[in-house]
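Both complexes below contain subunit A, partnered by subunit B and then by subunit C.
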Partner chain A sequence: MSRRPPRGEYIETDTGNKVARKATLVGTQNIMLGGKTVIMPEAMIRGDLVRTLQPSPSSSGAAPNNTAVAIGRYCFLSRGCCLRPPGRLYKGLFTYMPLRLGDHVFVGPGSVVQAATVGNYVHIGAKVAIGEFAIIKDYVRILDDTVVPPNMVIPSFSIVAGQPARVIGEVPEGGHEAFELRELYKTVGNNPQPAPV
Partner chain B sequence: MWTRGVRINHPSIAASVLEENAAAVMAPPFTPYTFIQCPCSDSSTFNRRSPPSTPTTHHHHSDNDDNDDDDDDEHPFDPRAPRSNYSLYPLEYLLYCEDCHQIRCPRCVAEEIVTYYCPSCLFEVPSSNLKSEGNRCTRSCFQCPVCIGPLSVTSLESHPDPNTLPVPDNPSAAPHGGPYILICSHCAWSSTEVGIQFDKPNSIHAQLAKLRNGGNPRMTAKERKERRKDLAQSLGSSYSSSSASGYTGYFADELDLDLDLETQFSNLKLFYQSQLANANTGGVGSGSSASGSGAGGAFGDLGFTSPTSLSRILNIYTSASSQDKKAKSRIGTMREALDSDEGLKIANLDESEAIAKLHAEGHPGTVSTSQLLNQTPQLHLGEPHLHGRSRFASELRPIPYLLRTKRSKRCPICRHIISKPEAKVLTTRFRIRLVAGSYIPSITIRPLSLPNASTPDPSALRPSKPAQFVLTFKNPIFEPVKITLATPALTPGRFPSKVTVLCPQFDIDANTDVWDEVLKDGDKRRKKGESMDSASGAGGVGGGQHQHQPAAGKIWERGRNWVSIVVEVVPASLRKPSQDEMPVLKEDEDLLEIPMFVRIEWETDAMGDEVGAVSGKDRDLPKLKRELAYWCVLGLGRVSDQG
Partner chain C sequence: MAAPSSSKRHSILPPAQAGPKPPVQFSSSITIADSAILIGTHPITISTESVIHPRAQLNSLGGRITIGRRCIVHERSTVGAVGTEGGRGAGGTAEQSGVTLGDYVTVEVGASIETGDTVVGEGTNIGVGSKIGGGAVVGKHCTLTPYTVVAAGDVIPDYTVIYSNGLRRQDRRGVAELRNKGQARQIEVLKRMIPSSPAKFQ
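Then we have the complex of A and B:
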C-alpha cells in the first residue's frame, strides 16, 4: 500500500491523535477526532456513510453538517473494531445519521459500534455489537460479547451484558476513575511509555 | 456482581454469577485480584476461630492444622468460609466514612433514594406519581416480553408513498400515519402478534391500558370506578331482594367475561363491605343465619363466618362491659358472593381449549419461565383471569420499563452521608463521594518475571514450585503511611500453600500533587535520556538496579507514592500426600487465595479530619496518629493439577 516503509507504526497528529497506519479510515474528511485518540491497527471508521438527507435544506451550508463520525478526546479504538454511523428511513428516504463518541471511550477489539451517541467514560468490551441508534450515557461498562439491541438507551452507571443486553449491575462509586484513558493513551504509539504503577 | 476469581469484566458474567460453574470460570485468563473485607462482618469472624460449619475444615488433615498454631493473630480470616463471600469486596465497591474512619461496604451502608427515573426515556418520576402509578414508566417505554429488548413505536405503513413525503415546510404533518405498533428490534417481536395496535405514536402506556390482547378494548380505571359506583347503587338498592338478583346474575355470561382481576377484586370488596354494613344493622333480623348457627351446638353462637366475630373477640380482651351489646349482632352471618357483580368468578376448569392450542402451536407457542417472570401481575390488570399464569406467547404483554433510582448512602454507625449523587437524572456528578480508594492504598498483583529466569507461563501455578508475585501498594493520601502486613504461613483449606511476605513492613511516601509528579518525571526523563526500561514498570527510584533478586526485608521497587514488595508462594500439591490419586476438587479449591492483614498507620494534622484536604503548610500543629487495619484476600491464580 505505501511505497516506502513507514517510520512508525502510528501517525501522530498535532492534537495528539495516534492513528495506526494499518487502520482503515474511510471518508476521512467526515471523521472528526477530538484529540489524544488512539486508533489501533485494523480498526475501521466508516466516515463515508455520511447523511444523504440534510435535515434543513433551506440553509445551503452543507459543509458543517457533513460529519459522519465525531470522536471526543482520549478515546481508544482497539484492534479490529468498527465505528459505523447508523442509518434508517427518514421521511421515506434512507439516510445515515452521525455517530458521536464522547471523551474517554474505550472500544474493545472486534466490537462494532452503530450507536447514535456514546457518552463520556464508556468502556465497550471485546466483540460487542452495539445496534443502530443505541444511546449510551456516561460511565457505562459493556462487558464482552454483549449485543446491545438497536434503539436501546443505557443510562449512566450501568454495567451491561447479555444478548440482548440487559443492565446487570451498577458502576460503584469507587469505579469512576477506572474509566480514565489518559494513562492508556500514553502506552501506545511510536514512543510508548510503560504503564504507571 | 463479581465472583471469586472472576473479575467484573468477565464475558459471560450474567451466566456465571448464577451458575458459577467451574468451566465458565476457568475459561478466561486469570487476573489476580484483591478483595477487602468490610469491618461490618467483623463480629462473625471475631467469635469463631475456624467456623465449624465450613466445609473445608471438615477435611482438615492433622498435618494442616499447624497453621492455626503458627498464627498468633486472634482471628485469622478464612477467605474460603461461606460467610466470607458476603464480606469481601473489590476496592471500588467500598466507601469510607470520614467520621468513623472506617471502611463501609454496599451491604452495611444505608441507602436513600434521591431520584426515580425511567432508564429508557430518562425522565424523572416524582415520588407522588410513584404511589399512584407504580414503579414502572408510564410513558412509551416498553420491553419486549419475549427477549426483553427495547420496543420502539413504528408505523404499520412502513412504505408510504415517497412522492408525498419530503414536506419540509410542514414537519408536523406526520408522513406515515397510524396505526402504530410496538416492535422489538432484537427479536422482531411485534405487538401485532398479540393483536395490539395503537392510534397514536405517543403515550403508549395509556393506550395499552385500554387494550386487551387481541385488540378488544378494556375498561380503564376510571370506567371501572364508575361502573363500581353504579354497581354500588344497584347493589344497595337491590340488597333487600338479594336472593332474587343473585341467581339471575349467576348465568350472565357477558358479565362473567368482563370480569377481570381488578374488577373482581373491587366487586368482592364492595360486596363484603356491604355485607359488613348489612350485618351490623339488619343482620340480626335475618332468620336464615340464626337457623344455621343454632344447629352448631357449642360453636353455634360463635358465628365463625360472622363479620362481627372478630370485633367481638377483640372486645373480649378490651372491655368486658360491651359483651352484651355485641352479643345481639354476633349471630349475623355473611353469605358468600353469588354472582359476578358481587365478585364471584367461576374457575374455568375446562382446559380443552388450551390443550387444543398447545396441539396446534406446540412448544414455541408457550412462554418460558423467565418470560413469565417478567410478566408482573400488574401487566395483567384488567385482563381476563389467567388463574395466575399465562401459558401462551399470545398472552404476553409488553413490559413497561421498571424505574431506576439514584441513591445516596449513609454510614450505618454515624449516619453521615458518604455518597450523594446529584438529583438530576442526566448529571453524573456527585455532591459527596467518599470512596475507600481515596483513603486506603490500592494493592495490585502481578507475577514477578525476572529477566534471566525463563518461566513459560507465570500465571500458571505449579504445585510445590515456588512462585513470586509483586504486590504494589499505592498510597492515595497526602501523608506518608506506614504499612504492616501479616499473612498466615499456610493458606487455610485442604491444600495449604506456603506464603512468605519478603518485606512485611514498609513506608510509602505521600501522594503529592499531580503536577509535582509531572515535573519530577520530566526531570528524570531528561537525566536518563528517556532510557526507561519498559519491562520494569515506571520511573522507580532504583532505575538501574533491575537485575536485583528478591531478598527478605527489602522493598522490591519504590516510586513517588507506591511501593512494591515480593510475596513468595509455594503452591500446595492438589494430590494428597498419602494417596496418589487425585481427590475430587471442590469448587475453587485450586484457587490460591492468601488472606492478608493490612495495617496502615499515618499521622495527620489534629484538626484536619479530612485526610485528603490537609495541605501540610502548618507544621506547628500537633500531629495525630491514625491507624486503619483490615483483612484482604489476594487471589493469585489457580494451581494446575499436573505434577
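Then we have the complex of A and C:
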C-alpha cells in the first residue's frame, strides 16, 4: 500500500533507470548505469573522483576511459547511501580507481560503499561502511551496521556481519531467489506498483 | 496514512542555505566545493591547502570553526554540529571556540563533530559516519574506524585506534609521517578534481 509519490519525483530514462531528482550525482559524465537501476532520493554518487593515472599512457587514439563508477542492471541504491571510488597511492602518486557494481546489487539506506568491485546479487544492509578496495564476490549478504575493513575480499555465498566484518555464515541452498531485485524495481518510480506479497 | 499527495514539482537545485552566512577567513590555496554548506554566526577559518568536498557542512552556530593545514573534509560530514549533550548550542559569546581541527585531519563521509570546544589533533582520521561529542579532545594521529562514537568531553590520547564498537589500542607502527605525505599527495589530486569556488562564501 505505498502512497503514490508526487508526480515526476523520478527521472526515468530509456534504458529503464529511475533516478530521483533529489539524488546528488556529482560528475554525472563519469557514472555509467547499466539500465533498470533505481537511485532513490538523497543517494550520492561521486563520479568526479576519476582515475588520474591511465593504465597505458601511450595509448593514443583510443579515448581514455574515464568511468569512475560503473553500475550494472537492476541495482537499487536506497535513500542516503553514498558510492565513491576508492583512492590510494600507486607508484608514489595518488589516484582514484573505478568502482564497479555488478547486477542486482542492493545498497541499504545510509551505507557508504568505497569498494573496488561488488559482484552480482549482493545485498548490502543499512548503515554499512565498506572500506576502500574491498572486493565483494557474487551472492553475498552484508547485514546492517557492518564495517567492512579496507582491502577485504568476501567470497561468494557468504553472510557477513560485525565491526570489523567477519563471515558469519553461508547463503543457504536455494537462497538465491531472495537476491533478485526485479520485483523491487517495479515498486518505485513515478508509477509504482505494489509489491507482490 | 493517506496524506494528500502534493503534486508540486521538486526543484533539482540544492535547498537554500538555512541560517546566516558566517564570516570566513580562507587561505588562498584551499579547495572548497561549490555545494559545500557553510552556516553559522561565528567565524570559520580554513588554513592552507585544505579540501572541503561537496555537501560537507561547516556550522559555526555554536562557536568558531578552525580547520588546520591540509585537512580533508569529505562529503556529507558535519563539522560543528549542534549537539544534544555537552554542546552549548547556539547563542554563545563572540570568541567561543566551537571545533578546532589540527593539521592533516581527515573527516570522512558522513562523520559529525559536535561543537563546544572540541579539538581534533594533527593527523587524525575520523572514519565514515563517526560521531564526536562536544568538548571531546582527540589526540594526534588517532584513527577512528567507521561508526565510532566518542562521548562528549572524552579525552583520547595520541596514537589511539578506536575500533570494533569502542575497543582501543595504541598505534605503534610509526607511520604518522608517511600518512601525512600521503595526505599531501591526495590533496594535490583533489585540487585538480574539485572545482573550487571560495568566492561564493566570502
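Definition applied: the second predicted complex is superposed on the first by the 186 of 197 C-alpha atoms of A that agree within 3 Å, B and C clash if a C-alpha of one lies under 4 Å from a C-alpha of the other, contacts with A are read in each partner's own complex, and residues count from 1 in each chain.
Going forward, a contact is a pair of C-beta atoms (placed from the backbone, for glycine too) under 8 Å apart; a residue touches a chain by one contact, two chains touch by 3 or more.
All values reported here derive from a predicted model rather than from experimental measurement.
Participant: Aligned on subunit A, subunit B and subunit C: do they clash or fit?
Facilitator: Fit - subunit B and subunit C, as placed by superposing on subunit A, sit side by side.
Participant: In the superposed arrangement, does subunit B or subunit C reach more residues of subunit A?
Facilitator: So, of the two partners, B touches more residues of subunit A.
Participant: Check whether A:A161 is in contact with subunit B, with subunit C, with both or with neither, and answer first, second, both or neither.
Facilitator: The first partner, subunit B, only.
Participant: Check the residue A:M44 against both partner chains and state whether it touches subunit B (first), subunit C (second), both, or neither.
Facilitator: In the superposition, A:M44 touches subunit C alone.
Participant: Quick check for you: in the superposed arrangement, does A:D144 touch first (subunit B), second (subunit C), both or neither?
Facilitator: In the superposed model, A:D144 contacts subunit B only, not subunit C.
Participant: By the touch definition at the top of the document, which applies to A:L93: first (subunit B), second (subunit C), both, or neither?
Facilitator: both
Participant: Is A:T52 touching the first partner subunit B, the second partner subunit C, both, or neither of them?
Facilitator: The second partner, subunit C, only.
Participant: To the nearest 10 degrees, what angle do the lines from the C-alpha centre of subunit A to those of subunit B and subunit C enclose?
Facilitator: If I round to tens, I get 100 degrees.
Participant: Between subunit B (first) and subunit C (second), which does A:P192 come into contact with in this model arrangement: first, second, both, or neither?
Facilitator: Touch partner of A:P192: subunit B, not subunit C.
Participant: Across all Cα pairs of subunit B and subunit C, what is the smallest distance in the superposition, given in whole Å?
Facilitator: Superposed model gives a least subunit B-subunit C C-alpha distance of 6 Å.
Participant: Can you give me the overlap between the subunit B contact set and the subunit C contact set on subunit A?
Facilitator: 89, 92-93, 131, 145, 147, 149, 162, 164.
Participant: Can you list the residues on subunit C that touch subunit A in the complex?
Facilitator: It comes out as residues 1-3, 5-10, 12, 35, 54-55, 75-76, 109-110, 127-129, 145-147, 163-165, 182, 185-186, 188-189, 192-194.
Participant: Name, in rising order, each residue of subunit A that touches subunit B in their complex.
Facilitator: 56-58, 89, 91-93, 125-126, 131-132, 137-139, 141, 143-145, 147, 149-159, 161-162, 164, 166-169, 172-175, 177-178, 192-197
Participant: If you look only at subunit B, which of its residues touch subunit A in the complex?
Facilitator: Residues 1, 8-14, 17, 91-95, 106, 117, 119-122, 147-150, 152, 158, 160-162, 165-168, 175, 184-187, 404, 409, 419, 425-426, 428, 430, 433, 435-437, 444, 472, 474, 532-538, 559, 562, 564.
Participant: Help me check something: in the complex, which residues belonging to subunit A touch subunit C?
Facilitator: 3-9, 21-22, 24, 26, 44, 46, 48-50, 52, 82, 84, 87, 89, 92-96, 110, 112, 127, 129, 131, 145, 147, 149, 162-164
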